[in-house]
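Chain lettering (A, B, C, D, E and F) follows the sequence in which the chains are written, and residue indices restart at 1 in each chain.
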Amino acid sequence: LPESSQRTAVPGVATGLAVTGAGGDVLYVEASLADPETGDTGLTLTGQLGDVMKESARIALSYLRSRGAELELPVTALKDRSVHVHFPAGAVPKDGPSAGVTLTTALASLLSGRTVRSDVAMTGEISLTGRVLPIGGVKQKLLAAHRAGITTVLIPARNEPDLDDVPQAVRDELTVHTVSDVREVLEIALTPAKVAEQAAA
Amino acid sequence: LPESSQRTAVPGVATGLAVTGAGGDVLYVEASLADPETGDTGLTLTGQLGDVMKESARIALSYLRSRGAELELPVTALKDRSVHVHFPAGAVPKDGPSAGVTLTTALASLLSGRTVRSDVAMTGEISLTGRVLPIGGVKQKLLAAHRAGITTVLIPARNEPDLDDVPQAVRDELTVHTVSDVREVLEIALTPAKVAEQAAA
Amino acid sequence: LPESSQRTAVPGVATGLAVTGAGGDVLYVEASLADPETGDTGLTLTGQLGDVMKESARIALSYLRSRGAELELPVTALKDRSVHVHFPAGAVPKDGPSAGVTLTTALASLLSGRTVRSDVAMTGEISLTGRVLPIGGVKQKLLAAHRAGITTVLIPARNEPDLDDVPQAVRDELTVHTVSDVREVLEIALTPAKVAEQAAA
Amino acid sequence: LPESSQRTAVPGVATGLAVTGAGGDVLYVEASLADPETGDTGLTLTGQLGDVMKESARIALSYLRSRGAELELPVTALKDRSVHVHFPAGAVPKDGPSAGVTLTTALASLLSGRTVRSDVAMTGEISLTGRVLPIGGVKQKLLAAHRAGITTVLIPARNEPDLDDVPQAVRDELTVHTVSDVREVLEIALTPAKVAEQAAA
Amino acid sequence: LPESSQRTAVPGVATGLAVTGAGGDVLYVEASLADPETGDTGLTLTGQLGDVMKESARIALSYLRSRGAELELPVTALKDRSVHVHFPAGAVPKDGPSAGVTLTTALASLLSGRTVRSDVAMTGEISLTGRVLPIGGVKQKLLAAHRAGITTVLIPARNEPDLDDVPQAVRDELTVHTVSDVREVLEIALTPAKVAEQAAA
Amino acid sequence: LPESSQRTAVPGVATGLAVTGAGGDVLYVEASLADPETGDTGLTLTGQLGDVMKESARIALSYLRSRGAELELPVTALKDRSVHVHFPAGAVPKDGPSAGVTLTTALASLLSGRTVRSDVAMTGEISLTGRVLPIGGVKQKLLAAHRAGITTVLIPARNEPDLDDVPQAVRDELTVHTVSDVREVLEIALTPAKVAEQAAA
């Protein structure tokens, strides 16, 4: 079993893809909601995040705060519970806008109680209206996903031309979805609500 | 269809014009209002904005908070809902006062539910009383608007002399409005309320 | 008509005088009060202000918060409405204490609904008790006022000797009031309440 | 009449003494209380104050908040009204602990409505328990007080030896009180309550 | 008796392991809850902690705020009482993610009233979902534990290969548990609830 | 009479010992509680304190907030009254953890109304559980205490070996207590409650 199975076994965790000094890598985004009985609200961000990545987390949260009802997510939970988003490993500095879709997916998973599919990894900037904007490093990210045992990858539609750079042997073992709205991401990446309930039973 | 059609398809998005290192460019301003059930209020600004641009956003919001009732905008929404303003792309630093009219238009669109015309782009500093003050880079901005398929451009009245520098071939394909008060901007740029309601139906 | 007529056509705007790299210049101070229905209170300062100028704005506001009732200003408005003070143009850095009287006048105009006379410009530091303290650059400031079509100028009493440096031709076309208390400034600069009401009707 | 007469004509203003680059100088401390109807509470400090001087203001205020009732000062006013302390001139940087007694006197004058004697100037650090601690520059400060027309000066008891350095001609025209507790300062410097009431009538 | 017996005699203290300039060392984490009658809530962190270690403390607290009820911890206490986490000695700078499990254990001990076993020391990063992630310096940390009289050590499962580097003589005197979820840590390290009650009686 | 008699004549003041550039010195810690009628709560720290010393003050306060009831201190006062801790002289920078016991004693004196014995000085870091941890400069500190007329000194138990460095003539005139828990400090240093009541009568 790939590591992503263990990581994404609970709602609130999504698998992203990053470019690092040493090529690409799989990156987990973890989100939690505090028990309302513990008081306090707001957003805590950890994992040695740079300014652009912190802004991505705020965009993902605002997207869900303004569009969550349309998406049938119980956003009322945000009123009484504080949100924490963490990117392990905690000592590695991280930055860039390309975790936008992963952040949105982790938060939507947390709110809905639906886990994220462990065979899916994703990359893409999001805008405040939910558009998926292009990012860099598609080749390195797909190679990293493949190495990690991921079989389905979501990339921005505007990055489709970059797929030409990915070796055919890797392309053959990956299902790649090109997406332009984060709603497409959520439809593909979240497990069905029923399955989640069985898991919780 | 130009990209601006997709971007401005929802209320809260307006098309601006900026001067970049590589000439001019089209710049989108996105605004959202959180669901009041998610708690928390205030203004969040993202997109790697410089100090002058952040101040422009505060001026635009204060203008609407003090004059919104005259403009028949439902400003009461601001009491219970937090506002987020984002400038994609998230990793590109941005600064300067010339997005003032675009910011005001995006926020007025958001409050009114009226989308911004996708064929319109604009540039201009605003003052706290709604005056439109001159900006730089008119030539590069109009060339960028033209390249992006925009057909109507709003510039500050005090920039009218700069139109002489724009090639005649471009001038012929653009309708340019020179404006001195942001109310003129809103009248031209916002789609009629009725159309917006049909779109929502 | 001088530009100051347009700028000061609404309550909350006063005309100041500044020394810049290129001699003196006219400087507008704009103040607005948010609609109480938009929630939130406090003071927002914009216009790329330096520390001394930001402190001047706080002094002007505290003066009105402590002495406003004596001056028959409806200071209760400050309890439920946030104040924004802006100095256009937004990208030009500004500093120094000499906008103290202009700040106080703009705020008193805003609270009273009485516009500021468009033929009047002013300069002077204020103390927390309303005293008008001397400033620099009297000559450059009066030349700038004259160029801008201003006909009445208010300067600190302790700057009276500096008037000797102003060319007689300019002196002859300006009415100069030397003032030592900001109450004198408000009496001269604010239009009568009645006129303001007619304007609003 | 010395300038201090005008400055200290209202409650809340006390005359201090400072060492500057050019010898000693008289320094005014102004304090104001906002009208409770203007909302907001807290302490605002202006006058380009350094860290040590800002801490002196907090010590003076805490002294009055903990000992005010013993001193028969109506400290309840602090609950609903914000305090502003300003040191003119606003653009001149100021620092050091020696304004402690002046700050306490200005605040006690403000709370009691009793003006500070205009013939009195003072210098001295205060501790949180109201002790008056020694300061530097006694000679320059007394020369400055004398030049400004001050006739009574308060200095810390532990600075008594420094009086030897003051020219006899100046010493002869000044009444110097050496004090070790800030209560002695208030007894000497505040005008009687009755006089204050007549002034207000 | 080793020093850890004295340190961990009260609930809220756990023994960690750190790498320092001079090899490894034992490190105590102390946590306290304020009496609810003292007002104020929130988290205070002291001990000259670096950014990564401060984030570890926030992750540990969020983990307990979201999962505490499952763990049968009375998290409601967090609503009315402020938490303070301190790492003695107070003047020594400390950083890194490897105190994550120790922080979680100290906080869980505090909430449950169950002391931490004085013969146990631990090291490991935690994720927001409670996973125990690998850290560095296993050899130095185990040598330090041994020197300090510790007999049981908890390390991340993914650090198991590092045990090969530990001298056999030390390995023989230590019971080492490799753990992958912080729940395993709490089960091993916290004394039984009954014992804690007897201690309190 | 030594100066410490005057300084510690009121509850809330304790005598500490510090190492300075010029050997050791006596250091006073002053604490005050605001009248609850003045509104506002929280902790104010003054005296140009470094980060480690500010953290020591927070540790001392948290210790009392969590253990105060056991110590029969009326900690409820902290809910409605703001605390101010000041280290005179106000312009001298101070840092280090060794004022921990002095801070705790000053705060316990303030809460209990029992003054601190004027013949006692102390030094020692405290942990959040009240343990007294070793500090540096024992020799210089004891020489300074002796010079200042102090007759009883409290030092951490783990600093007992450092007493060998203190000249026998000084040792003979000082009673030195070695302590390992801050409760021992409070028992020795605070005057009996009865004496305090008589002083207040």
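Here is the rule we go by: a contact is a pair of C-beta atoms (placed from the backbone, for glycine too) under 8 Å apart; a residue touches a chain by one contact, two chains touch by 3 or more.
Worth saying up front: this structure is predicted, and the values here are computed from it rather than measured.
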item: Chain labels contacting chain A and also chain D; value: none
item: Rigid-body rotation angle, chain E and chain B, from Cα fit (steps of 5°); value: 120
item: Distance from chain D to chain C - Cα centre to Cα centre, in angstrom; value: 30
item: Intercentroid distance (Cα basis), chain D paired with chain B, Å; value: 52
item: For chain B, residues that touch 2 or more chains besides their own; value: none
item: Sequence of touching chains round the ring, chain C onward through chain D; value: C, D, F, E, A, B
item: Chain C-facing residues of chain D, complex; value: 6-7, 10, 12-13, 28, 30-35, 37-40, 44, 46-48, 82, 84, 86, 88-91
item: For the chain B and chain C complex, residues of the former touching the latter; value: 41-42, 51-52, 55-56, 58-59, 62-63, 65-66, 68-69, 75-76, 78-80, 96-97, 100, 125, 127-129, 131, 133
